[in-house]
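Both complexes shown next keep subunit A, but they swap its partner, so subunit B is in the first and subunit C is in the second.
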Partner chain A sequence: MSGVKLDKIVKSYGSTMAVNDVSLDIKEGEFLTLLGPSGCGKTTTLRLISGFIQPTSGAIHFGDKDVTGIAPQHRQIGMVFQDYALFPHLTVSENISFGLVERRYEKAAIKERVDDLLALIKLEEAADRYPSEISGGQAQRVAVARAVAHPPSVLLMDEPLGALDLKLRETMQTELRRIQQELGITAVYVTHDQSEAMNMSDRIVVMNQGVIEQIGSPKGIYSSPQSVFVANFIGQVNVLNCNVTVQKDNITELEYQGQKIRAQHDKSLRQGTTTFLAIRPEDIKITPKAARKSQNSLKGVVSEALFSGNVMKISVELESGDCIKVECPPKLNSFEIGNPVYVSWLPEDCNILLN
Partner chain B sequence: MENRWFAYLIPPFIVTLLLVAGSQFVFIQNSFYQDLGLGRTGTDLTLVNYIKFFTDSFYLKTFWITIKVSAIAALLTLFLGFPIAYVVARMKSRLAMFLLAGIVVSTFVTIVIKVFGLIIIFSADGVINKTLLNLGLIERAYSIIGTQEGVVIGLMHFTIGFSVLLLYSVVVTVPPSLEYAAQIHGASRLRVYQRVIIPLCAPGFVVGGLMIFNMCMGAFTSAALLGGGRVLTLPVLVQRTVMMEVKYSTAASIAFVLLVSVILINLFSLIAIRRLRSARLVVA
Partner chain C sequence: MQTWTEKIILFIWCGFSYVFLLSPMVVVMGASLHGGEFSAAIKFPPDEPSFQWYSKIPSEQFEALALSLLVAAVATFIAALIAIPAALGLVRSNFKAKFAITSVFRAPLQIPAIVSGIAFLQLYYLIFDTSGLMLAGTIPGMLLGHVFIATPFLFGTIVAVLQRFDYRLEEASYSLGAGRWRTLYRVTLPTIMPGIYSGGLYAFMVSFADVPMSIFLTAPGFVTYPVELFYAMENDFDPSILASSSIVIVFCLAMLLVVQKVVGLETLLRSGGGSAR
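Up next, the complex of A and B:
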């Protein structure tokens, strides 16, 4: 087991850059998720770590060992595939022992390890079944057991829950996390599902067009996105196009369509800079009257109100024509389409994004 | 409604039955009468033609040679066809489609033309002999015509396209991710073949092998042209018996032996495979 280090990795196909100058330092025992839309380079990055493809330039280290150029079978990795990739002609226990047999473990050791893993994934009773005879969730657990049977330096997972239904996916998230924690294995997980990334990861790497947009803890990425892309990709967000007017202490004053907006921001910005202001729908309050001065407040009209169980999703059309999405508990809501309202939020609840 | 339309199928069915099964029946029936030569037959039912087949060393030798060259050709064709099928099946580019189309087209080029191509290539002053002579590997031109090797080559040439297409359709059913999974969990390329690809393609090898074997057993043109009258296989023997010796009953009995033996060989092979499969040696 070891950490994984990517050093200025570039992978190009002709003139297309699949992965462009990616550097990553994955700590030992960490659960790291590569998150992004399809074609963002997350799967390519995973395949580079696995060794199925070689970087155009840059180096990959497992611990202190430079593994660049080493074939996948000599890298000591475990991998879980989206379609599970269980061997249909082998039983569950034969699937789990596949890597052990290939690495010439002794028979008794193989049996002991397989029994331990069957217990870990709670599938003792299915040991002699074939993959066609077990369910999707069970198959996924077998795939994980197979991947960790010969303790890998790093466990790679390529959208492993994509084929499961929503309920099962949530259970499996907890399950995968539990197995990873129990074994203390370094894990790299690829997904395009932001809630999955939030639920499972120690850190998330948001990727877009082959480059890393932001690295951080789920909480950090959610509460302080550094770009419009990240803000939009992780959860819902309102983005307002503003200009910087004054900066004093850590409060930045901005101008939005002739109105003053205050935001907490500690980086210095030049006056007149065009920026984007990102506000989460759940941080916005909706009131019939203008809020107190300490808050930012904009006037608008309710244009849409959707009840979706735990929250009420309301769209407010501002005087500028922009729409603001608001989420509030259904109990608080008594607004109907056409009502004139004010939307307000605290200066510390908004983020200034530069691109 | 469906039943009424079904009725329209009955006349063509009867015609087909008469032409195919009827002629077969007459032919096979013929084999149970004594052959008096020149197309004449005896009047009493008898097994004399079959007894002659199974007691005459000439017929038995021909029978054995037919099975031998067919089996060798089928095995070699599988070995030769599998790598091609595998590479084409795993290709990601458009080239795969062109290659497949090329294989299909060349497979349906009439065998006569293909065999003449072979004869030219392998002839005394053909490419292969000249190269080997110039390299000093052989002392004088070697002809494949009239040798069993020649017949095997002809049969392989006849069936290789079919084997590639058959095996292609088997390989594409094995997801590449299984290969990745095997490799990533410690298997070398060789072990990936041993433990994953070959076992998963095994049923395809068996069925494909049998189909190619059957085609070889019944192949006439390539066997006749490359055998050059010196290597006889059963189909060639049947043709000679009918056309040159005008012994219809004898020819019919040979043909019937060929038919029944092919059916039996296929049946026994499949039963043997099923045994293995239930013993979990082969994939279900």
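Up next, the complex of A and C:
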């Protein structure tokens, strides 16, 4: 087991850059998620770490060892695939012991390890079944057990829960996280599902068009996204196009369509710069009258009100024509389409995005 | 749900197909039990059933049967040695001559066997003229021809299985520390095995039953079984031919049962591959 370090990795196919200058330092025992839309380079990055493809330039280290150019079978990796890729001609326990046989474990040691792993994934009773005879969730757990049987330097997972239904996916997220923690293994996880990334990761790497947009903890990425892309990709967000008017200390005054907006943050911005202001729907209050001075307040008309169980999703059309999405508990809401309202939020609840 | 009419129509149609396919065999096997005097006409059902003609099968037919089984088995084995690497290489590579080479491997299917037979005989005469080595009427000469007609059947089925092969199985194997050869041995070959079995079965049958090509490659005292039967039918027909055919039919059924027990015919027909789902 060890950390993984990517140093200025570039992978190009002809003139397209699949991965463009990615540097990453994955700590030992960390659960790191590569998150992004399809084609963002996350799977390519994972395949570079696994060694199935080689970088055009840059270096990859496992711990102190430079593994660039080394074939996957000599890298000590564990790999979990989206469609499990269990060997159909082998039973569950034969699948799990596959890597142990390749690594020349003693027969007794193999049996002991397989029994331990079957207990870990709670599938003792399925040991002699074939992959075609077990369910998707079970197959996924077998795939994980197979990947970690011979403790790998790093466990690589490529959208491993993509083929499962929603309920099972949530159970498996907890399950995968538990297995990873129990074994203390370094894990790199690829997904396009932001809630999955939030639930499981120590850190999330948001990727777009072959480059890293932002690295941070799930909380950090959600509460302070640094770019419009990240803000939009992680959860719902309202983005307003503003101009910086005054900046003093950590409060910036901005102008949006002739109205003053105050934002609290620690970036330094030049006066007159055009920026984007991001506000989460759940941070916005909706009231019939203008809010107190300390808050930002904009006037609008309710244009849509959707009841979806635990929340009420309301769209407010501002005088500028922009739409603001608001989420609030259903009890508080008595607004109907066409009602004139004010939307308000605290200066510390908005984020200034640089691009 | 099927309605009753649909069920009845299906039943009649299937019944008709079975009768159509099986009746020739039933007639041959029944007529082989002919118990009366020699007659040149097939009698079905037999008058006084007896196994008398079974003891009158000429020994040449058994020798020919042994030769045919040997040739078919060895030809299938050699064809597999050619077809497996060829299919693995061609399905996975991408180069200009790929389609040309693929069609070369399929070509024997498009050439009438009788033409292949003449071509092989011509080739053997040519070799004889230049080197003094006569291949016609020898086991290597016969094998060469049979490998030629049997290979496409193995090649075709293996290509079909490989095209549905999930390459992530191999990646999984590499990630677990297995090298290329180990992966071929532990993952790739076992996964395409059903394709190899079914292709091998076809190849064996094609070789075993071939008359049009083999007839050119035989020599006195060196005749394959179907060719021997063909000569016998032409020259001196008697019910012992029916008896010997019946033995082969029973033998083939027994073989199928063994295959069914060992690999399972469903796997042959499915020619599976790919992952769990």
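Methods note: the second predicted complex is superposed on the first by the 355 of 355 C-alpha atoms of A that agree within 3 Å, B and C clash if a C-alpha of one lies under 4 Å from a C-alpha of the other, contacts with A are read in each partner's own complex, and residues count from 1 in each chain.
Everything that follows uses one rule, which is that contacts are C-beta pairs under 8 Å (C-beta built on N, C-alpha and C of every residue); 3 or more make two chains touch, one makes a residue touch a chain.
Computed from a predicted model, the values in this text were never measured in an experiment.
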Fit or clash between subunit C and subunit B when superposed on subunit A: clash
Contacts of A:His150 with subunit B and subunit C, given as first, second, both or neither: both
Of subunit C and subunit B, partner touching more subunit A residues: C
First, second, both or neither for A:Phe307, with subunit B first and subunit C second: neither
Touching partner for A:Pro72 - first (subunit B), second (subunit C), both, neither: both
First, second, both or neither for A:Gly136, with subunit B first and subunit C second: second
Subunit B versus subunit C as contact partner of A:Ala163, first or second or both or neither: second
Contacts of A:Tyr13 with subunit B and subunit C, given as first, second, both or neither: neither
Of the stretches 4-12, 40-48 or 130-138 belonging to subunit B, the one that collides with subunit C: 40-48
Residues of subunit A that lie at the interface with subunit B and also at the interface with subunit C: 50, 52, 71-73, 77-79, 81, 83, 85-89, 98-99, 102-103, 146-147, 149-150
For the subunit A and subunit B complex, residues of the former touching the latter: 50, 52, 71-73, 75, 77-79, 81-83, 85-89, 98-99, 102-103, 130, 146-147, 149-150
Touching residues (chain side subunit C, partner subunit A) in the complex: 166, 168-169, 171-179, 182, 186-187, 190-191, 193, 272-277
Residues on subunit A engaged by subunit C in the complex (per definition of touch): 50, 52, 71-74, 76-79, 81, 83-89, 98-99, 102-103, 131-132, 134, 136, 139, 146-147, 149-150, 156, 163
Touching residues (chain side subunit B, partner subunit A) in the complex: 175, 177-178, 180-188, 191, 195-196, 199-200, 283-284
